[in-house]
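As structure tokens, here come the structures.
Heads up, the next two complexes both have subunit A, just with different partners, subunit B and then subunit C.
So, the complex of A and B:
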């Protein structure tokens, strides 16, 4: 235990010092800026309040994004211009086409399945009298990292050779049902879909919680009136419930599209992108930090960004409309 | 207000009666079946981590119910020093690293974001709306887009920093491979969402309160400290939980910015690496994974209500 403290105390000290310095600097700036009065007070306040955030966002997000755009038109060591050849490679190379295909599969299936399951659960929860424990259990995987989730699911997908005992849940179930299990994570393109299951498992609870709140916010008299009009079950859902929560549904769907596109951890931790499971976000990392081709990696990041733009435009239009109302 | 509430009460009761008519039992059964399915994989990991090594590779974890044979050996192995290859000092250093990375990476962005959110909501100026939309838009910029240039900025020596041609805008900061090199990118990446969520909350604070303070001659700094900060605690708490889980569970930022520096690797990062190299050591992997999962689960279950409130603030509008 003495070892523990001698190893870790310096690190903890660094942390405490960093936080203390950060807060002390803020306190001093507040103190000095607070002394300003008259005409200078407003601009100084704006500078102090907004300045740090703006600086960090420009240096951390805006600047690098522009720089990545430039890098995507340069070669592997970023020394010379190569025009669109990185993009050309990305869209024509046979192995990259599998990556693009997988990315398209992910966008087509995971957001709609996750949000759809979330909506189904939200509707069912609304009809239950007591819900909390079941709801928590379904929501729980959201707190687990994708790396942890991949390890959790290894025990579902684990496969052993025919003559050995199957310790994976799915392999064992398959055996009991009387057929020989495949090596799940090596079978293409099944493995991509099995990785999607991990994402769906992790994120359905999020969709459920948000949509459940939206359903609860539907005014009671609307539901009651339609019930009196004879709307039940599916008819009530299609005619009343869904239209009332449609905008929330789309917001959740858009969030899922973005997190699907950025998805990296599940693929990296379970297959490392091998066996035909790689997606754009993972391949971008491999290209840049393992094969050291900054140009190709940058081109992938840009394609990723282009795919997100529709969601971005939709979100901003929505936000502007909301602000115009309020 | 109270009269309104009273008149609504019977309506809700009637409506619940109506809802029960169509399949309350069916709904309950379906939800519980799904809840069980959702829990089985996690439970499998939990159960495996308490089984002896020989059992793990010979029988499935569900055999635990038939032949209960539990051990703490896996946990004592990962917490002891130099018994396990790959983690000579046990997993304590990685747990500590995770906390050392996460706590500042939560405090920094929330503080800076609360300040910015107050400014954008209550100290409006020409162009403040454009800035707000710009920050909002940056929320969904893939982090991947920024990694290489940021890494250049954090390095030192030749070619580091930010340049336009031969003009050096910012020199290399020499924080790569240090804790600061992870705190800073986490702070940067968290700001857009944090500012947006906190702005929504702070903008909805009562206008009278702000105006009264201004009439009293309080400066923006006083208003921020005395009024905005205390009233924003619910929103700040919600985002704290969200950001804590995000940083604790992050892989991409850690992997990129620790650059494989052993001394600062967080647990999640180490786990992803060990998943590859510990192919046959399932007893170690499951127990380490469970430790990694335990912290966010504890946060999640104890503070679930605030967390949900935080998510709702961002998504339902």
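So, the complex of A and C:
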């Protein structure tokens, strides 16, 4: 125990000192800012309030982004310039093209299915008896991490050798229906879609809850008025409900696109990126931290970044337009 | 810790030693008559108050065991060994050596780092006493691993063995199978199992993001068994390529063994079965044998008895080519010195003796886990029978010892192309030559 204190007491002291210095610097800055008046007041106020945030953005976001861009034009150990060869490799190597293909599949299918299913559930469950119970059950998978969800689904997709009993849920069902199950996670490109199911299962609840809240926020008089005018069912949904929740739908969709692009855990935990299931984010990690090729990893990060930008731009312009209307 | 504090502690320590020496230890320093010196061996000069630092990647309880094991040496010679463990060892050692604060001794876990340290010019060749010990107690291949350009630098510390096959003694007894001692006999018995409708070999290479690594071990075992240590070590530095004849031949041997549907059932399931799950079929005889290192015992079903007559036990994976004697794949660490001070030399010498190994094995207790390839260690020293069996092959004077090749290859291969290539090989039955060519193509260029 004495060792613990003699080792850690100086560290503790340093920590306290660091906090004290930080507070002292803050006090000095605020004191000077408070003294300033007249013409200097506004620029100093801007500096004091905006400066720290700006500094953190530069250190934490802008700096690394620029460094990543530079690294993407260098070799594996970042010693030599290699031009566009990392990008060339990414778009021409046969196995990397499968990675890009999978990433496109994920972006095309996952967000729209997740958000669509979420909307469907939100509409169907709206004002149903015991609505909250049903919604909680559907929302529950959201509480499980992607890695946990992948392990749960591993038991569904598990395939045992031919001479052993099939313990995987899907394999077992297939066997009982009378046909020999395939090795699910080995069958391309089915396996990529099986992994998407894990994402949809986990995220639909989230989409449903947000969209359900938006539906509940539609004013009752609007609904009643349309009902009096004869709008029911599909007509009511298409003509009134959906337009009213459209902006929420787009925000949820955009969130799903971004988290699909970042997706890494499901692929890593289920197949490790093997059997033609890898996606960009997973390969980016493998290249950088397992195969120690910083150049290729950085190039992938840049491509991912470029793919996210249109979504963000659309999201922001959409928000601006709405602000202008209201 | 601050310098003054260190000085103070050293002072206190010296004072304590002096006090103890006054009352208890005249005999201890008098020579070989004390109990401590009897355990340490003869020939060491007493050097009171000297401290020798051993820098190592070992930390925690394991490090405490090193300190406990060297207590007799300190009691006998007065030289204190400062076991300095850091989990940043591999990054810190080059920094310390370059900065002029090299430790007296470093416990280096891989031959590549020994060469890197020797290249700095700061490491010193092993003294004669250590040389004598390595010639007397270790097989030639160990001497080679501790040498750089023909000069011997570092004697090994502990060793571990991968070349094991798990089987169930109960199941073997039930069906009248025996432990094979040659590769041919092993395959012939596997044919018998296949004919009896049994699955002769368990296999699983699934390991999340590291999927494929168990298959790299299978190939390494076969390469050293067929082609010997020279080809094996040249394969690590890519002067022998994956597409070259010896490696292609070894890959075909692996394919006739672990890629043989007669023995393993559906080959592609090996790619989707985790390496931990692979061993679960052993006790029940669902599958009869599995090539895997001793650590996999932890993944056996609860309640399995690991013993020569129990639910699970191991045999040594036999050799193939008679010209390669007792091929063994595994790992180990080496003591590299950075000065030739008298105290350093004495510590370095002691650490290369059977007396040290025995003391360290005893410090490990009944769970074991610390093996030496030192042939001077009697096998009765090991309280764990699995350790005793592994040590028998490690310390065999004729053994051909090689390090795990995929660990020693560049990360782009050993953690990259080889893993994905072999996973593809087992999942899709990709032709051996295509797999080999893909891995060769991914070999990183020298400058990057």
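The rule we apply is simple: the second predicted complex is superposed on the first by the 258 of 326 C-alpha atoms of A that agree within 3 Å, B and C clash if a C-alpha of one lies under 4 Å from a C-alpha of the other, contacts with A are read in each partner's own complex, and residues count from 1 in each chain.
By our rule, a residue touches a chain if its C-beta (ideal position, glycine included) is under 8 Å from a C-beta of that chain, and two chains touch if they have at least 3 such contacts.
All of these numbers come straight from a predicted model, not from anything done at the bench.
Ranked by how many residues of subunit A each touches, subunit B and subunit C are led by B. With both structures placed on the common chain, the touch criterion links A:232 to subunit B but leaves subunit C unconnected.
Of the two partner chains placed around the shared chain by superposition, neither subunit B nor subunit C is touched by A:181.
In the superposition on chain A, contact of A:140 is made with subunit B only, not with subunit C. In the superposition on chain A, A:269 makes contact with both subunit B and subunit C. Of the two partner chains, neither subunit B nor subunit C is touched by A:111. When the shared chain is aligned, subunit B and subunit C each come close enough to touch A:7.
Residues 7, 268-269, 272, 285 of subunit A lie at the contact with subunit B in one complex and at the contact with subunit C in the other. Considering their complex, residues 1, 5, 199, 206-212, 264-266, 268-269, 271-273, 281, 286, 411-412, 415-416, 420, 423-424, 427, 444, 447-448 of subunit C touch subunit A. Across the complex, subunit A is touched by residues 8, 11-12, 14-15, 18-24, 27-28, 30-32, 34-36, 38-42, 44-45, 48, 56-62, 81, 89, 92-93, 96-97, 99-100, 103-104, 107-108, 111-113, 115-116, 118-120, 123, 125, 131, 133, 135-150, 153, 162, 170, 179-180, 183-185, 187-189, 191-192, 195, 219-222, 224-225, 245, 248-252, 255-256, 263-264, 268, 271-272, 275-276, 285-286, 289, 292-293, 296-297, 299-301, 304, 308, 311-312, 315-317 of subunit B.
Subunit A makes touch with subunit C in their complex at residues 6-7, 75-77, 79-80, 82, 95, 159-164, 183, 185-186, 268-269, 271-275, 285-286, 290-293, 295. Within the complex formed with subunit B, the residues of subunit A that make contact are 3-4, 7-8, 11-12, 14-15, 18-19, 22-23, 26, 30, 33-34, 37, 41-42, 45-46, 48-50, 52-54, 56-57, 59-65, 67-68, 71, 121, 124-129, 131, 133-148, 150-156, 165-169, 172, 201, 204-206, 209-210, 213-214, 217, 220-221, 223-224, 227, 232-233, 248, 251-252, 255, 258, 261-262, 264-265, 268-270, 272, 281, 284-285, 288-289, 294, 297-298, 300-302, 304-305, 308, 311-312, 315-316, 319-320, 322.
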